[in-house]
Amino acid sequence: MIPQPFRIRQFRQETHDTFTLELEPANGAAPAAFQPGQFNMVYVFGVGEVPISISSNPASPRLFMHTTREVGTVTKAMRRLKKGDIVGVRGPFGTPWPVEDSAGSDIVIVAGGIGLAPLRPALYALINNRDRYGRIVLLYGTRSPNDILYQKELKQWRAEFDLEVYVTVDRAIGSWRGNVGVVTQLIPKAPFDPLSSVAFVCGPEVMMRFTVQELQRRGVAEDKIYLSMERNMKCATGFCGHCQYGPTFVCKNGPVFRFDRIADIFGKREI
Amino acid sequence: MKEIALKAGDTVVVARGDLQALLDALAARDYTLIGPTVRDGAIAYCEIRTVEDLPAGWEDEQDGGTYRLHRRGDGRLFGFTVGPHSWKQFLYPPVLKLWEARRNGHGFTVHRDESPQPRRAFIGVRGCELAAIGVQDQVFLHGKYVDSTYQARREGVFIVAVNCGHVVSTCFCVSMKTGPKVGKGFDIALTEILDADGHRFVAEAGTARGAEVLAAVPHRPADASDRAAAEVVSANAEQAMKRSMDTEGIRDLLYNNAEHPRWEAVANRCMTCANCTMVCPTCFCHTVEDVTDLSGSHAERWRKWDSCFTMEFSYIHGGSVRPSASARYRQWMTHKLASWIDQFGTSGCVGCGRCITWCPVGIDITEEVRAIRETDRAAEEG
Amino acid sequence: MENMSEILAGEPFLQNMPRQHVETLAGCAQNVVFQPGQFIFREGQPANEFFLIRHGRVAVEIYAPARGAIVIETLGPGDVLGWSWMVAPYQWRFDARATELVRAVALDGQCLRGKCETNHELGYELLRRLSSVVAQRLQATRLQLLDLYGAAK
């Protein structure tokens, strides 16, 4: 599968170390429809290719939005790109959040740091059919108030779509008046019915481990918890082997896994 | 010679002197012939033209960390087993340019070389190796995605298999049920017989095209004694095989012992050199490298064999998921023998023994399985 | 005034607490209100009470010269504020400040310490609940220490 050319329609600096690319097909073709939770392989000419989750609204498939953190050679080169530049895109790949299958349930979304990026399309999809779901609760933790992604959208979702949004930071700075503490502490008191809830979780692996424990302590069943896992994805089609996780390849069998299907290996060292 | 129509399943006898006719028949059908030759003191798979290119009279001797070729004192053409090469290098090349791209304005255009692959005939594919090709077929052709580079190379391949008459100490194909007699997937299978009745090959047609090629080679129908002689070759080989691996419940055995102290013990010997993955005929992991020229106007993407024994293999930003050698050895062995079954419905090990021979410190996968089985913690607890 | 025993029985911290213990606690409890910005207690002061927060948000903070007040955690409705009353030398280790209008029940620690000494069953029930809160806070603090969201070095 070769990269298709996409033009940068907009470049937006989100926080000091994260940015969002808004991409549209450069050759006039329609990009493939995607499901919330899927990712693309984004290529910077001559530099390399990295997996980045799709962050846009799945109801607007004319557009791919990708929010990423500047951490390696490719994302550093990506940050130097400007509106109008062309990148290559392969995708979309991977398993989605079970948005449709969760109709009728409360939805608990637990996000840590940049983990909100792959959850954003799920939030859009839920809002697009708001009346199909019970309570929708977003619990979002970041390092500091300066690291909070999508602040405008968070306000809007809270105000217009009957979404309960709780944000907490590990380190308060400046004039922050909100919650301080780790995101897992929000779970015991969050307003959802654990017996009829589906949880979507994405963040650093340690945060997800503690999140699963808290969700289970509230009574959310193993098969109602979904996690998005991170491993080294290079080919995205299950051939290169780099993202192997136990009996799965994260690119093909994930990144979104139902927790009970990986419970045996989740948290085991160096799997 | 009279052309008698043959069909798949037919068995004939081809004299040693007529084997060249088989190679010629394949060449005449536009096949590039690849077969075993002696190169740098080892059996290597290279392009061949004549029977003289084959390693006549050579025999190998292998053990953990040891490989030697020596004269066997007869003229057998296939009197050795497998060397460091495997057929995967032709179907899944070690280094492959996937595409190139050229800048134009703000963008770039990608070009992929889709020129047809040469049709290759593999001469001398052993049972374990035929099974290995089957394993890689499963990986590259029968999943959610198809690897078009593999498919293009695999489609045209003609397979002349050989039933092993010689085994070395590292062989354990019997345990893995892949040999010494070849299973399915060949076009022609040869059993080399050298006895008082002469030097000859009992040849079985596995496919219609195999039968068609055989029909073009001087032959006589195989009689009961020919078949019996061929069976004896395989039976003797099986008898001579000393190494074994108990595969009963191996998937759960390894899953349940992911934290067994044996992994630490083997890691103390393992140099994480990746030799085992390079010589393994089923290992398929690779990395992808993007390069550009100095002007920045031309870029290429290359695919290269990679190994789960390197630190970079599992790198996610910040560090490696498997920094310890024990975790990397466990990853390799557990994948090969356990999670492979979950992923592809088959073991990833065919019992060829290459990983034992080519390990600089002679780590033996069968010994590692045995050690874990003998101290199976889950079983003890249960 | 709403019956204090009823209020206490409805607090998550005292869920399923035997009735007679709740009655004992009610005898040491009173409703309190703190204005936004008001300190609930200050580092170094004697710790003679603890609070069950019923409304509003409280910041537990520590002041450092040149850095100002550093918020360690925030607590809200349903949370317990303060355990220094239970542990000698009964002194607050942090500042607690209402960041919004806070309504809470204050429990007199001095009074409770005495009751726990004579009534070990009550003492055990309280300690069991309090140690669970302490353990949870410790776990959360450990996670905070990991600085999970930063790029690994």
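Which chain is which? They are A, B and C, in the order written, and residues in each are numbered from 1.
Everything that follows uses one rule, which is that a contact is a pair of C-beta atoms (placed from the backbone, for glycine too) under 8 Å apart; a residue touches a chain by one contact, two chains touch by 3 or more.
Bear in mind that the values here come from a model prediction, so they are computed numbers and not experimental data.
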Taking each chain's C-alpha mean as its centre, the one farthest from chain A:
B
Chain whose Cα centroid lies nearest the overall Cα centroid
A
CA centre of chain A versus CA centre of chain C: separation in Å?
35
If you average the CA atoms of chain A and of chain B, how many Å lie between those two points?
41
Report the inter-centroid distance (CA atoms only) between chain B and chain C in whole Å.
67
Any chance you could list the residues of chain A touching two or more other chains?
69, 71
Multi-partner residues of chain C (at least 2 other chains):
151
Among the residues of chain B, pick out those that touch two or more other chains and give their numbers.
317-318
If we count contacts the way the header does, which residues on chain B are in touch with chain A in the complex?
98-99, 101, 103, 106-110, 112, 139-140, 143-145, 147, 255, 258-259, 284-288, 290-292, 296, 299, 306, 308, 313-318, 321-324, 327, 330-331, 335, 338-339, 342-343
Show which residues of chain A lie in contact with chain B when the two form their complex.
2-3, 5, 7, 26, 43, 45-49, 69, 71-72, 84-86, 88, 230-232, 234-235, 237-242, 244, 246-249, 252, 264-265, 268-271
Hey, which residues of chain A end up touching chain C in the complex?
17, 69, 71, 112-114, 141-143, 147, 168, 170-172, 176-182, 184-185, 189, 203-204, 206-207, 210
For the chain C and chain A complex, residues of the former touching the latter:
57, 59, 70-74, 76-78, 99, 136, 139-140, 143-144, 146-151
